[in-house]
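In what comes next, subunit A is part of two complexes: it sits with subunit B in the first one and with subunit C in the second one.
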Partner chain A sequence: MNENRFATGFLIPGGLWLLLLFVVPVVLVLALSFGYTDDLGEAIYDTRLDNYERLVDPDYLPVLFRSAGFALGAVVLCLLIGYPVAYYIAVFGGRWKNVLIALVVLPFFVNYLIRTYAWIAMLGDDGLVNGVFDTSIRFINTPYAVVGGLVYGFLAFMILPIYAALDRMDPALIEAGKDLYGSPWETFRHVTWPHTFQGVLAGSVLVFLPAVGDFVAASLLGGPEEVMVGNLIQQQFQASDNWPFGAALTIAMMAFLLIWMSLYLRAAAREGKEATA
Partner chain B sequence: MRAFDRPRFLRVFVWIFFVFLFAPIVLVILFSFNSSRSLQQFDGFSLRWYETFFESESLRDSLIASIQIALITMVVATILGTMLAYGLVRARTRWSDTANVLMLIPLVTPEIVAGASALLLFTQVGLQLSLTTIVLAHITFSISYVTVVVRARLAALGRQVEDASMDLGATRWQTFRLVTLPALWPAIIAAGLLCFALSFDDFVLSFFTTGESPQPLPVRIWTQIRFGVRPTINAIGTFMLVISTLSIGLALLLPRLLGRRESGLKVLLGREGA
Partner chain C sequence: MLNRRDLLKGSAGLALGAGLAGCGVGNIDRGSKAETEKPIRKRVDGDLVYFNYSEYIDPALVKGFEKLYGVRVRESYFDSMSAMMAKLRAGIHYDVIFPSAEYVQRLRSGFLIRRLDRDKLKNVDTVYSYFDDPWYDPDSAHSTPYGMYATGLGYRADKVSGMTGSWRDLGEADSGDRSFLLDDYQESIGMANLVNGYPLNETDTGKLEDSKDYLVDLKPELRGVSADTITNMVSGNAYIQHLWNGDIVNIRYGVDNPEDFKFQKCKEGLPVGSDNFVIPVNAEHPGTALLFIEYMLEPENAAQNVEWIGYPMPYEGAPTEAFQGLVKEDPEINITVEDLEQGQQFENLKGEGRLAWDEVWTEFKVS
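And now, the complex of A and B:
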């Protein structure tokens, strides 16, 4: 048997599975987003734009902007925290490198709900901090808590690609920068940063995508003023049972995220090509 | 590596980072052994919250359900994902490059999109929400992880060994079974354990596709947290942490135990040979 045909056969089960359980459902969501809910609460497929018009409604538009804002804030904070940590581990980690990076990853295998809940236990109105210091500071139910929850939730996604980029970088490049009389800052700006930019980009996307769609942080750490688009979608599909509107929200979010996703996928394709070449 | 600059504050910054990273988790573990309900002070060691956890029949059912889901997901996703990886690396078709990229999309799709669309599909085809629907959803979003991990291993392997095997008269199928597959084992096992951990921990997909009962543990935790902070959650959380850490630890260590030189971390991140 020819190798190509043999190998192509291997693509069929997984490909078919992804087609039926990933592509088809997303197409269904797209189709339903033009539908409506009838008087019995039944979702009906149609060709209306009502759901999309509702998106710009003053009830919902701020939620969309808020989601993007919170997610962007999380990306910036993750970068500010994650870059120095990745830098330290990659450059000064020495033989502890693998242990340190494993320590960074470890907490992310603690259930996301539990991690979020741990912050409530710590910072809640009757949590540990307020108890120990006998204060009544309101941490939870603020926008800061929600953004903080997102940062804590997805930080590893920022650190890992930056770490990988730094780890690959040749220290001789820094020497060269120094030899050319670059100050530490200039060397960082003109040598290190451009060399790790792909990692920064990958990390930013990997944090931004789940953060935009998240509803756990806003539900548990935020109040009614911190509702995000993920919460709206979840409510439409569960509590208020307006699936067509939920579908439109989902599609709108996906459309917004596509720009970011394609950025990431282009970079990944380049890397994949190098890896499989 | 003296070439890099070492700003003095960096070391302190990293220490503070690790403190903040682990403080909440240490707190959960510590207070899971608290003898009182308090989350503010530790009143002595006790296992009462673990007893509450394991004595509750419905929580026990949830734990078993979570493990069942994760095991089935692990097996099916690992098989499908490995096959997909082999096809993607070895088949040279016009749309190989496209397929290689499309396969990553499930990884970058927000879980809520995945959950909502899976729910819609199951409802449309009239499938009753149950453990089966959760498993179907979990498998769908685990396949890509396996493919990424195994693909990197396969690419690093090169095809010379396979060519040699064919030269010695083995058929394609024998070569795959006796040469390729054994070389891929570390990556396959690591990927499988990763799937187990991801599925066991997953909340969003399960939340959208779960039936009435039994519900997987994370869905139960969600309900409990929404009703207010309860000490039992500490015990459940600690217990789940142990299971996830075990499976990830195994994923990191197994390649080494199997006598390979490469770091498990690299295998797991699909970064081999890159």
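And now, the complex of A and C:
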């Protein structure tokens, strides 16, 4: 009995956190999405469906898919860059491990917005990179810049969980793989990868979620064709004073993500189970 | 053991309660007329709680005010009018805020700002007479103008050929594919309305359809839709940028060849506007706020501020001369009284019209 009460007590801080900072805001957003805006630009709670009717317009689908595409691109690039970095630090880092990990995190001390502005200065038509290499490549205002900005913004979220998984892995397992005449590739495929798969999965989700709702990269580094759903939502809240429609867009995006993520997680879990079996 | 379902049930109940309680959040507490009309005593009644765009006042003047009256100025910033309104709605107390003209109208009609007795403000008679009885605030009874702006095209005279004095230059002049539309739905739809020969604030859905078509057709000619006008032009990414006149002054501060950065007012129509000082009805230190407004109206201070912010202030004498001095190489950047009289100002759109503008802009973005 006492133990139960103790366990329940443990749930309180986390439960309150979830309740206040997740459940309540989501309920408010949901409630607001049935509202409207009055003549003073003020959002009024109501029970109308206008905002969702407006959303049914097929014009919005490409924006959702584009956002998912950019975010997926960022995940793949983060994985290709992040895995070797994490591997190097975990396996060859030795006593420098903690310093190297600190270096990975260091850029995150600078605000994401500022770092994105730095990209404009570095990659602009007359920027540092074009100046040093005496080229005139157009980096900014392209889809590549947007995906690049997302990768730059969220790379550490991929490196850290993979590093944690690699660091936890017993190096003797790799030795065992080699002893069993596994080539380096086979050892990686059958030993290292399955052991770090959960880390890869966690990293992918941690990169994908903020990236798909991001508006900073598209608005600073994109051109007119690179609008993401985050930009539309931000516009409703910050410019056109239509919070209820912004709320409906948010709910639609959450639903879209939920479907997507549940399919992905189910597939990934199955694969994970097979790989470790 | 506490099971998961109980936990979920409990939190759902709490959340619902909080959600219903939260329904009050969005609904602003309207002030009453009596409260807004109460005269303010001009005296130090505490530190000044100040709320403005960032980088929109000379920090030396803020320090000077603190020293002069022995108070602290507690500054906070917003990045859009919507964000400002959200903070006010949340019930936060500010002593002086800086809304644009249409937001003055909104705040006034909601009885949310205090009457500013003009007789009490020294130097208020230097304010252009154009602002004696503006459309957004009869008799200027609840606001005093701060900065003013006109919208046009900034361009690189050393890079662009074929500027003709028209808004169409944004898509048609040869900028080497470096044209940027301003990421501001009012300015961009307003511009499209002007190009089509309609009033700036047109809300007729058929005519707005023409304006949307203009914007959608313009899109392939654009490199970007962006409000980072200064970064775009200073970095060399933009050769033509749809922007506010004061941005060009700030851009010229940041480059080696300021003479090449020009401003064009466009013949189809000139959007003009102003930001203003107002004192919210829930201000805790309205007396200090009044002293602050008076301090900023002081011609020397205003002139110094104009040079720092790069935007003109509509006060006769030193402040006007200060701006003319800043832009003497390109007087087109200046805003004259005639510009104000002939220009068009953004108004508060109502209901259907407002929604129609929002739809045009969203459809343009997703097109």
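In this text, the second predicted complex is superposed on the first by the 210 of 277 C-alpha atoms of A that agree within 3 Å, B and C clash if a C-alpha of one lies under 4 Å from a C-alpha of the other, contacts with A are read in each partner's own complex, and residues count from 1 in each chain.
The rule is simple: a residue touches a chain if its C-beta (ideal position, glycine included) is under 8 Å from a C-beta of that chain, and two chains touch if they have at least 3 such contacts.
Keep in mind that what you see is a predicted model, and the values were worked out from it rather than measured.
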Worksheet item: Which partner does A:7 reach: the first (subunit B), the second (subunit C), both, or neither?
Response: both
Discussion item. Applying the document's definition of touch, where does A:242 land relative to subunit B and subunit C: first, second, both, or neither?
Written reply: second
Worksheet item: Looking at subunit A, does subunit B or subunit C touch a larger number of its residues?
Response: B
Worksheet item: Looking at the overlay, what does A:184 touch: subunit B (first), subunit C (second), both, or neither?
Response: first
Discussion item. Between subunit B and subunit C, whom does A:44 touch in the aligned arrangement: first, second, both, or neither?
Written reply: second
Discussion item. I'd like to know which partner A:35 touches here: subunit B for first, subunit C for second, both or neither.
Written reply: second
Discussion item. Contact-wise, after the overlay, does A:232 reach subunit B, subunit C, both or neither (first, second, both, neither)?
Written reply: second
Worksheet item: Where does A:194 make contact in the superposed view: on subunit B (first), on subunit C (second), on both, or on neither?
Response: neither
Item to complete: Name the contact category of A:125: first (subunit B only), second (subunit C only), both, or neither.
Response: second
Item to complete: Have a look at where A:171 lands relative to subunit B and subunit C in the superposition and call it first, second, both or neither.
Response: first
Worksheet item: Overlap of the subunit B and subunit C footprints on subunit A, residue-wise?
Response: 4, 7-8, 11, 15, 18, 24, 28, 32, 117, 120-121, 124, 126-127, 219-220, 237-238, 243
Item to complete: Would you pull the subunit A residues touching subunit B in the complex into a rising list?
Response: 1, 3-4, 6-15, 17-18, 21-22, 24-26, 28-29, 32, 81, 84-85, 87-89, 91-92, 98, 101-107, 109-122, 124, 126-128, 131-132, 152, 155, 160, 164, 171-172, 174-175, 178, 184, 187-188, 205-206, 209-210, 212-216, 219-220, 230, 233-234, 237-238, 243, 246-247, 250, 253-254, 257, 261, 264-265, 268-269, 271-276
Worksheet item: Any idea which subunit A residues touch subunit C in the complex?
Response: 4, 7-8, 11, 15, 18-19, 23-24, 27-28, 31-32, 35, 37, 39-45, 54, 59-60, 62-63, 117, 120-121, 124-127, 140-141, 219-220, 222-225, 227, 231-232, 235-243, 245
Practice prompt. Quick one: which bits of subunit C touch subunit A in the complex? Just the residue numbers, please.
Written response: 1-2, 7, 11-12, 14-16, 18-19, 22-23, 25-28, 79-80, 82-83, 85, 89, 106, 109-110, 178, 181, 183-185, 219, 222-226, 228, 231, 235-237, 348, 350-351, 354-355, 357-359, 361-363, 365-367
Discussion item. So in the complex, the part of subunit B that touches subunit A is made up of which residues?
Written reply: 1, 3-7, 10-11, 13-14, 17-18, 21-25, 27-28, 31, 39-41, 80-81, 83-84, 86-93, 97, 99-101, 103-106, 108-114, 116-121, 124, 136-137, 139-140, 143, 147, 151-152, 155-156, 171-173, 176, 197, 201, 203-204, 208, 218, 221-222, 225-226, 229, 233-234, 236-237, 240-241, 244-245, 248, 252, 263, 265, 269, 271, 273-274
